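Should a chain be cited, it is by its letter among A, B, C, D and E, assigned in written order, with residues numbered from 1 in that chain.
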Amino acid sequence: MGVLLNEVSLSYPGTGLVIDRLSTEIDDGEFVAVLGASGCGKSSLLNMIAGLLAPSSGWLEVPKDGAAFMFQDANLLPWLTASQNVDLALKLAGKPVQEREERVEELLNLVQLGHASDKKPHELSGGMRQRVALARALAQDRQVLLMDEPFAALDAITRDMLHEQLRSLWGQTGKTIIFVTHNVREAIRLSGRILVLSSHPGRILETRRITDDLRNNPTQAAALADELTTILRKEQRKHELTDRITH
Amino acid sequence: MGVLLNEVSLSYPGTGLVIDRLSTEIDDGEFVAVLGASGCGKSSLLNMIAGLLAPSSGWLEVPKDGAAFMFQDANLLPWLTASQNVDLALKLAGKPVQEREERVEELLNLVQLGHASDKKPHELSGGMRQRVALARALAQDRQVLLMDEPFAALDAITRDMLHEQLRSLWGQTGKTIIFVTHNVREAIRLSGRILVLSSHPGRILETRRITDDLRNNPTQAAALADELTTILRKEQRKHELTDRITH
Amino acid sequence: MSSLTESRTDLAPVRTIKLRPNNRLDSWVAPVLTVIVLLSLWQIISWVSPLREDLFPGPLSVAAKLPQLLADGSLLSAIGNSLFRAVSGFAIAVIIATPIALLLAHQPLLRKGVGPLVSAMQVLPSIAWVPAAIILFGLSDATIYTVLLLGAIPSIINGLLSGIDMIPAQYKALSKVLGASKWEHVMHIELPAAMPGYVAGLRQGWAFAWRSLMAAELIAVGGSLALGVGSLLQRGRDLADLSLVMLVILTILLVGVLIELVFFAPIERKLLRDRGMSRTGESNG
Amino acid sequence: MSSLTESRTDLAPVRTIKLRPNNRLDSWVAPVLTVIVLLSLWQIISWVSPLREDLFPGPLSVAAKLPQLLADGSLLSAIGNSLFRAVSGFAIAVIIATPIALLLAHQPLLRKGVGPLVSAMQVLPSIAWVPAAIILFGLSDATIYTVLLLGAIPSIINGLLSGIDMIPAQYKALSKVLGASKWEHVMHIELPAAMPGYVAGLRQGWAFAWRSLMAAELIAVGGSLALGVGSLLQRGRDLADLSLVMLVILTILLVGVLIELVFFAPIERKLLRDRGMSRTGESNG
Amino acid sequence: LPSPNEVPAQAADRGPAAELKIGYFANLTHAPALISESEGILQKHLDEDGTKFQSQIFNAGPAAVEALNSGAIDAAYLGPNPALNSYLSSHGESLNIVSGVAYGGASLVVNKDITKPEQLAGSNLASPQFGGTQDVALRNYLKELDLKQDATVTPSSNGTVAQLFGRGEIDGAWLPEPYASLLIEKNDAHRLVNEAQLWPEGKFPTTVLVVSKEFMASHPDTVQKLVDANTEAIEWLNNADEKQKLSAVQKALVKANGSSFDESVIAQALKQVHFSQDPLPETYQTLVDHALAVEVGAGGNADGLVDSRFLEQQEQ
């Protein structure tokens, strides 16, 4: 089993419910995309799955060894170089030194940062930092991989390339991947299932399975993208109305 | 005159040339988008225009009152609430108190964060932080507005809405806007001119004017997007080859 | 592939909101408990120890000293005098040190020239200043304040300087972009950003102020200079009266704990909470 | 809409790379210049001043004292003794204080109980410990080290604690996600992240160590305990020899400046540079 | 801001001062000062000229000398050494001794195992202050016994010495009263050498009355009153019977200091200390020479330290 959420609710001190009795089951080896408006609780959800936040009520089950997590902000350690940041994940996973060195190089090359391995985070561009964070998340090598908008700061070309890499990695390792994105087409392209969250409070508004057929059929994919966008737009509009009334 | 760059070069200590003799002239009231691969020097370019970095050689001219700048990371002050962060820009611009209060509310509503005005940055989601930063950049009210991937962390719907807002603001105020994006269609939708940068070193690879006709014609726009993507991809591939040889 | 799964049911009923009042109480109960434990230990050791009572007085014999000192009012007035001097002196030190630190932070050459001297002054023992202060100001409170200020100011300067050094470069960029004048930059960005480091420096500065005061109070035990805790401590040593020495030590510790609990800890807590951090082990609510 | 434009031509030839050697030199030249200026001022004031020579000795008459003290070796051996005690004692203090601070940081209850006491201990003047230390260790270096350690340890603990408190919450989340054990978290994330605050605390701890040493050295002015700088200072006061007092003050300042320039400043510079920050006024290259 | 040198050193007599600021320690050997204040003797004398007085209690000699030099006080009861040191380092410009106060009352007290001076070989001895009277006396004594290399001398402070002895860290100490008596009463020490044995007629200064040179030049009348009051206080002490003396001194000590040693210690000590206005002028050069001989001082000329004109005036 991958990840199981049962009636999970979350509120922060002083906020109303951010996530409201959310239940879902994510199979081992599934590739799930989470869509939702800004501020709807996607990062909070991942934080709970990663064990960084306890739900206010409800419960969830995750594999015992936890989950690899790529944060929304790169969250690199500023005193370590790019390669040291990646290496830290391997070191803390208890990998032997020889193996680590090779793996770090491999991972940095994967995200096209082989040339920047000795740079400190403050010497990297925003997109480069995000890619180091991606390499670090892959280095963790856990059964579950959580990614919070992993490609947001990347140009289309790099993004395309990393999409391919991620798909092939998923194919090879059978990891359970849950990733948050704002890009509907990215979600369709990568995932096997899309969860659309509502906001205030966050509930599952819509679940869509994506088959390979659909993915590879441009018209069908475009139609689905439009449909999802419409769903999201409708949800947003509802809020604008409530907002206007309450404020 | 808006912004003039003359043979501007930049290198950081220990790097080769990041930007190589870049020259361009941006007219008063122009809306320019900058595209380029991750790490090609877009943020560095904006930093120079904002006067935060001195070019290693060459010179540039900007309006005397400087430029408003929306950073790539939100860069909010953690001890101030959302509204205080926006208010600070108004305060430092010397606006009187009464006016400020109203304007802050207006700006936060503009970015749909009216309800979060009393939250501290650490209580905001990534996209909310970015929107506060956007509100702050608009609050500065300078002739030149620099934006570094202003919508990267936003969902499609919010993004759409803010696109509209930005276009109408530009129409009303006649600001000179230079913005960096990774989204080719966003660039086409918003800007009057697109600059495509090469990487290592950053030079202007391509300049495209976008007319309203083109913008409003979906097929033409899609064709241009494809074309630009191809240019970017070609550039990237060139590098991959050089990379493979040098590394 | 781990197929073992861990049930997180145990986490379920845990609310992240912790009750604050409880927390507050904790921060008083724990130190008091610690003190009680330490006192008991001390009493037991003093019973067990082979040392003569006058060489190693236990808490009871120290407490026995208390009524007499309270009766003639010397202890309370000494605490009052010292506390007044320390608090007012510390306030003056903060007022003097802060602009100096800001000046040094903004004048690179000045900092290079004077900075190391400031650190060196921190190292200078307070009694080194006593002869000079007496010759300049005679036997007045001015002498005592001089010694105190010279002890506290360098430490506060260094605290604020290192707070400022740790400000992320991006805040400086922001303030430049927002067109802040130097003064606005200092008030709106630099000082608040440096606050946590500054308060850490202030805590050390307070310690320096108090210790320097103790040294200054050794000049005279009475007369035109009011008796302070430092004089009382010295009196205990001169009379080889270890009970008195212990009593004064306990008094100073008590004052220290109170200042920490009512002043520094709450400020620090507020600052960290404002920034979404927390003192280790305290809930972030 | 401002149509005034500012030419930035002046910025053009400025390279962001500054030569480091130059910078290094600066950090030595500036303090030396400052010292020379201060010395000249002092000499002038001492000429102008109506005070008697023995009450306000000028630099020349202080310098005249030097050959004698150098000849009988007492100054150099006092500096040697004190410096050795201070450096070794400081090292021991760091070794003791660091794990205590880490323990306090990770045991909330312990921190609540003992934390305020640590701050209070910082406030306790060093001479308060002298009677107890003498009872325990007599006239030995152990007594001196005890006083020194009790002075320095609380300050270092507080420095590290506030460094740890200021660690962004996201680093803690990262270390949890990476599956770091407590020990790994401390070594790989907590300590390096707290480093800048820690070094600021160490600088204050060093000041406490040195000052406590000076107080401890007053226990005995030579004899069975080797003569230290603190004893020499007291001797100057006892003999009403202000030239000697001034000479010792200058010596202490010199030692302080050197320690700052060869130890703390470079460490701090390295730490900040590693994190993409810089001491104010120093180039980021 | 008191500026000590506004008045040139040899200023003209400006009549009685409006105020006399006087410093002393809350010590047994300063009993005449304590009595003079507590019994109202000084007040009575000064009232004749309408001079007010203010007293200041010090912990140690250096601070008192510094205060005298700064003009914060005009006169002080001091040990002879701080007075001598200040006189020498200022080349005679700072102060003068105008009267004696107390003599005698310093002894080498040692633990019970040491019964003969020869047994001091290899011992660890203490004195209350480097280069102080007792320190020099101890070093000189050891030198004369040829034990200079064998015994260690550790200068510390009076209170610390008592503690060190209590712990058995040192074998003995050359101490002034009441510290010598304290060790005897509380720590089973015994008196091996009474410093009185080493001086002609057994007289060496313990406490003296000093006045700053400027004050003396501008207000000789007030100084005269001070010296007169001192003499009267000394006579008061010398005429009182044992019990009366003890209780008056103890009362004054407690009043000045908040607390004091046990009566038994004070009683013992009072037997050792003698109060007299004789300044013993011939002893100071001996002190300086002894110090030079044992290499703890720079030497110098103590001529002119004692200004006995006020005492002479009194006798007339």
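By our rule, contacts are C-beta pairs under 8 Å (C-beta built on N, C-alpha and C of every residue); 3 or more make two chains touch, one makes a residue touch a chain.
Quick caveat: nothing in here was measured; it's all calculated off a predicted structure.
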Touching subunit A and subunit C alike are B, D
Can you name the chains that touch subunit C as well as subunit E? D
Interface overlap for subunit C and subunit D, more than half of numbers shared or less than half: same or different? same
Please work out which of D-E and A-D is bridged by more C-beta pairs in contact, and write that pair. D-E
Farthest chain (mean CA position) relative to subunit B: E
So, what's the distance in Å between the C-alpha centres of subunit D and subunit A? 47
Chain-centre distance (mean CA atoms) for subunit A and subunit E, in whole Å, is 84
Centre distance in Å when subunit C and subunit D are each reduced to the mean of their C-alpha atoms: 17
Any idea how many Å lie between the Cα centroids of subunit B and subunit D? 46
Among all residues of subunit A, which ones touch two or more of the remaining chains? 12, 51, 65, 73, 122-123
Going by the touch rule set out above, which residues of subunit D reach two or more other chains? 51, 55, 130-131, 135, 169, 234, 237, 242, 276
For subunit E, give me the residues that contact two or more of the other chains. 62, 69-70, 157, 159-160, 163, 167
Per the touch rule above, subunit C residues touching subunit B in the complex are 170-171, 173-180, 184, 188-189, 192-193, 195, 271, 274-276
Which of the residues in subunit D come into contact with subunit E in the complex? 50-55, 130-131, 134-135, 138-139, 218-225, 231, 234-235, 237-242
Can you name the residues of subunit B that touch subunit C in the complex? 47, 50-52, 65-69, 71, 73, 75, 77-79, 88-89, 91-93, 120-123, 140
Where on subunit E does subunit C make contact in their complex? 1-2, 21, 23, 26, 54-60, 62-63, 66-67, 69-73, 157-160, 162-163, 166-167, 182, 186, 256-261
What residues on subunit B touch subunit A, complex-wise? 12, 15, 35-39, 42-43, 72-73, 112, 114-116, 123-128, 131, 148-149, 152-159, 182-184, 229, 232-233, 236, 240, 243, 246-247
